[in-house]
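This is the structure I have questions about; it appears just below.
Labels A, B and C are assigned to the chains in the order they are written; within every chain, residues are numbered from 1.
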C-alpha cells in the first residue's frame, strides 16, 4: 500500500504527465456531456475527440491514447461504435474507462453495461445507484473491492466520498464540493479525466486516484468563489487548468 | 381568479415543492439545449433525464414525474421516442409539456406538432412565431385563451411579456430580462421548468406561472450583474438556484 | 489590395451589418459545438438554426442567409443533410462555409471533405493539421494562396496567426489569445461567424477577415479578465456582444 503522502506525490505527478504529454482521449459519450467533457479534458491538458460514427472510430482510436465509453446516450449508432472501438482499443492494448450512466433506469442499458464489463475496462466510474445493476445487489461500499477483484478492474465509486479500489488496494478520496452534484455531466467529465490519467500511468488504480483527486481539489477551489452551480461549473474548469503541483499535493485527502 | 399576491404565494410555494420533492423530468429535447436544460433543472431542484432511445424511453418514463417533448432536433429516432414516451406518460397520467421549437421553419415539424397537440399536453410553451403554425393564423395575444380552451391545455406564450392562459384564466407575467433572448436554449429550459412545476402542482396553469415567473425573476437578478450574454447565461443558473421565497414573492409581476 | 486601416474600417462595418440585419446562419455542425456556436452567433447579432434532418433542411435553408457545413459529427444523417443543404444553398446562391473538422483522423471524412470542396464553398476555415488532408501535402503557409486560387475559395487558416487568402489577396490577422485553443468548439464558432459575415458581405475575403478579426479582438478582451479557460469561454461571448466599432478598429492587427 501507499501512504497518503506518497499518493499525493503520485497524483501530482500524473497530472504533470497529462499536461506534458497531452494524451488524446477518445470519448464515446452522451450528447449532454460532450461539450463539458471536452472542455474539462482541455483544462487538464489532454486532447478530446468525440466521433461516434462506427466507420470512423477505428481511425480515431489509432491516434488516441485512451478510450472512454459512456452510456448516457444509448442510440444504435453509439452501441455499434462502442463495439468497434473496443475491438480497436483491445488490439492496441489501450486503456479504457466504462461509465454506465443511468443504468438503474434502463434494463437494456444495464445488460449492455454488463457485457462491456466482461470486456475488461481498465476502470469503471459510477455512482451508488448504478452499482447494483452492474455488479449485483450487495451494499456498495463493502462490495466494491470484491467486485473489482472479481472483474479485474478498478472501481471508482463517486459520491460525497469517492472510493477507488482494485480489489487489493482501496482508498477513500475526500475531496470535492457539494455543487459538483448540481452540474450535469460532472461525473461524465470525471470518467474522461480518469481516461486521461490512464493514458500516462499504467497502474490504473493510481491513475484513477490522481484524476478523481485533481477534480475534487479543483471543485473545492471553485466552491470558494462560486455564487451557485452556474459559476461553479465554469470556475472548476479554471481551477483544474490552474491546479499546480503544490496545491494538489497540499489539499488531497486520501485515507 | 387569483389575486396577484395570491399567485406570488403559490409560485413561491411551487418552487419550494420542486426543491423538496426533486421531481425527475424526462426531456426528449434537442442536442443544442440538452446541457443547458439539464443544468437549469438541477438549479431549480429537479432531476433531469434525457434519453431519446425508443427502446429505453418507457423505462425512463416509469421513474419520471413529468415529460418534456421539445421538437428542436427532429430526427427519426426522436420522433419514434416521442410516440413511445407519450404512450407511457398517458398510461401513467403523467403531465407533459410540448415545446414546438422552430415549427415556423418546417412544415413537417409543424404537422407533427399539431398531432402532438391533439394528444393533450398539459401545457404548450412557445413564442409568437410558433403560434400560427400550431394554432392557426389569428393574432396571438387575442387567440391564446381561445385556443387554450379549445385544446384543453395551458398556453404559455413567452416574449417580452409572458402570457399564461388555460382559456378561462389568463395572466401576463412581466418578469425577465432582454438578455434571455440572446442565450440559446433559454426557451427550451423554460419549458423544462414548466415540466418540473407540473410534477408538483396539479393545476397546470398555476404550475406554468410559477415556472415562468421564477425564471423571469432569476433573469432579472442575473441581468443586474451580467456583463453580456455569456456571463448572463451562467448567472441566471446561479440566481435560479439561490432564489428564495421572499425574493420570488417580492419581485414577481403578474397582472 | 486594401491597406490595414481600410480593412479595419471594413471589418467594423461588416460587424455592424450583422447586428443590423440579424442574418440567419443555418449550421449543420457537430453536437459538441452546437450550443457554443449558437451562443456565439447570437452574441454577434446573428440568428442560428441547427436542424440536421434531411427532410427539413430545405425548409430551413429557404429562410437562412448563409450555411455552415461542419464535419465534426459525421453520422449518416448529417451526411445526407449536407448533400440536401448544399443543393438548396446552391439553388439560392447562398454563401456557405466548410469546416473540415478533424479530417486528419479519418480518411473517409477527408474524402467527404474533398468532395464538398469541389462543390465550391465560399470559404474554408481550418487549422494546419486539417490542411494537408484537404489540399495536399505542401507547407501550409506557402500553399494557402495557391489552393485558394485553384479552388476559387477563401482559405481561412487559423492558429497563432490567422491567414485569410483568396489566392490573389492575402492577410495575416494577428489578433486572438492563447486560451482560445483551450475552449472546445472555438474553431467551429469561428466558422459560423464567417458564415454570418458572408451573409452581409459579398466579398468573401473581406467577410472572413471581419469575422476572424472580431473574434480575435473579443478573445483579447476576454483574456484580460479571464481566470482560466472556463471564464474565458464565457467572457469572449460577452466581449463579442459588446464589441464596438472603435474598439474593433483600434485593436485589429492585419498585415
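Convention: a contact is a pair of C-beta atoms (placed from the backbone, for glycine too) under 8 Å apart; a residue touches a chain by one contact, two chains touch by 3 or more.
Everything numeric here is computed off the predicted structure, so don't read it as measured data.
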Superposing the Cα trace of chain B on that of its twin chain C calls for a rotation in degrees, to the nearest 5, of 120
Across the interface between the identical copies chain A and chain C, with over half of residue numbers shared counting as same and under half as different, the residues used are different
Chain A to chain C, mean C-alpha position gap in Å, rounds to 33
Each of the following residues of chain C touches two or more other chains, namely 31, 35, 233-234
Counting only contacts in the complex, chain B reaches chain C at residues 30-33, 35-36, 72-76, 102, 105-109, 182-185, 226-231, 233-234
Seen from chain C, its contact residues with chain B in the complex are 31, 34-35, 38-39, 42-43, 48-53, 55-56, 59-60, 63, 77, 233-239, 241-242
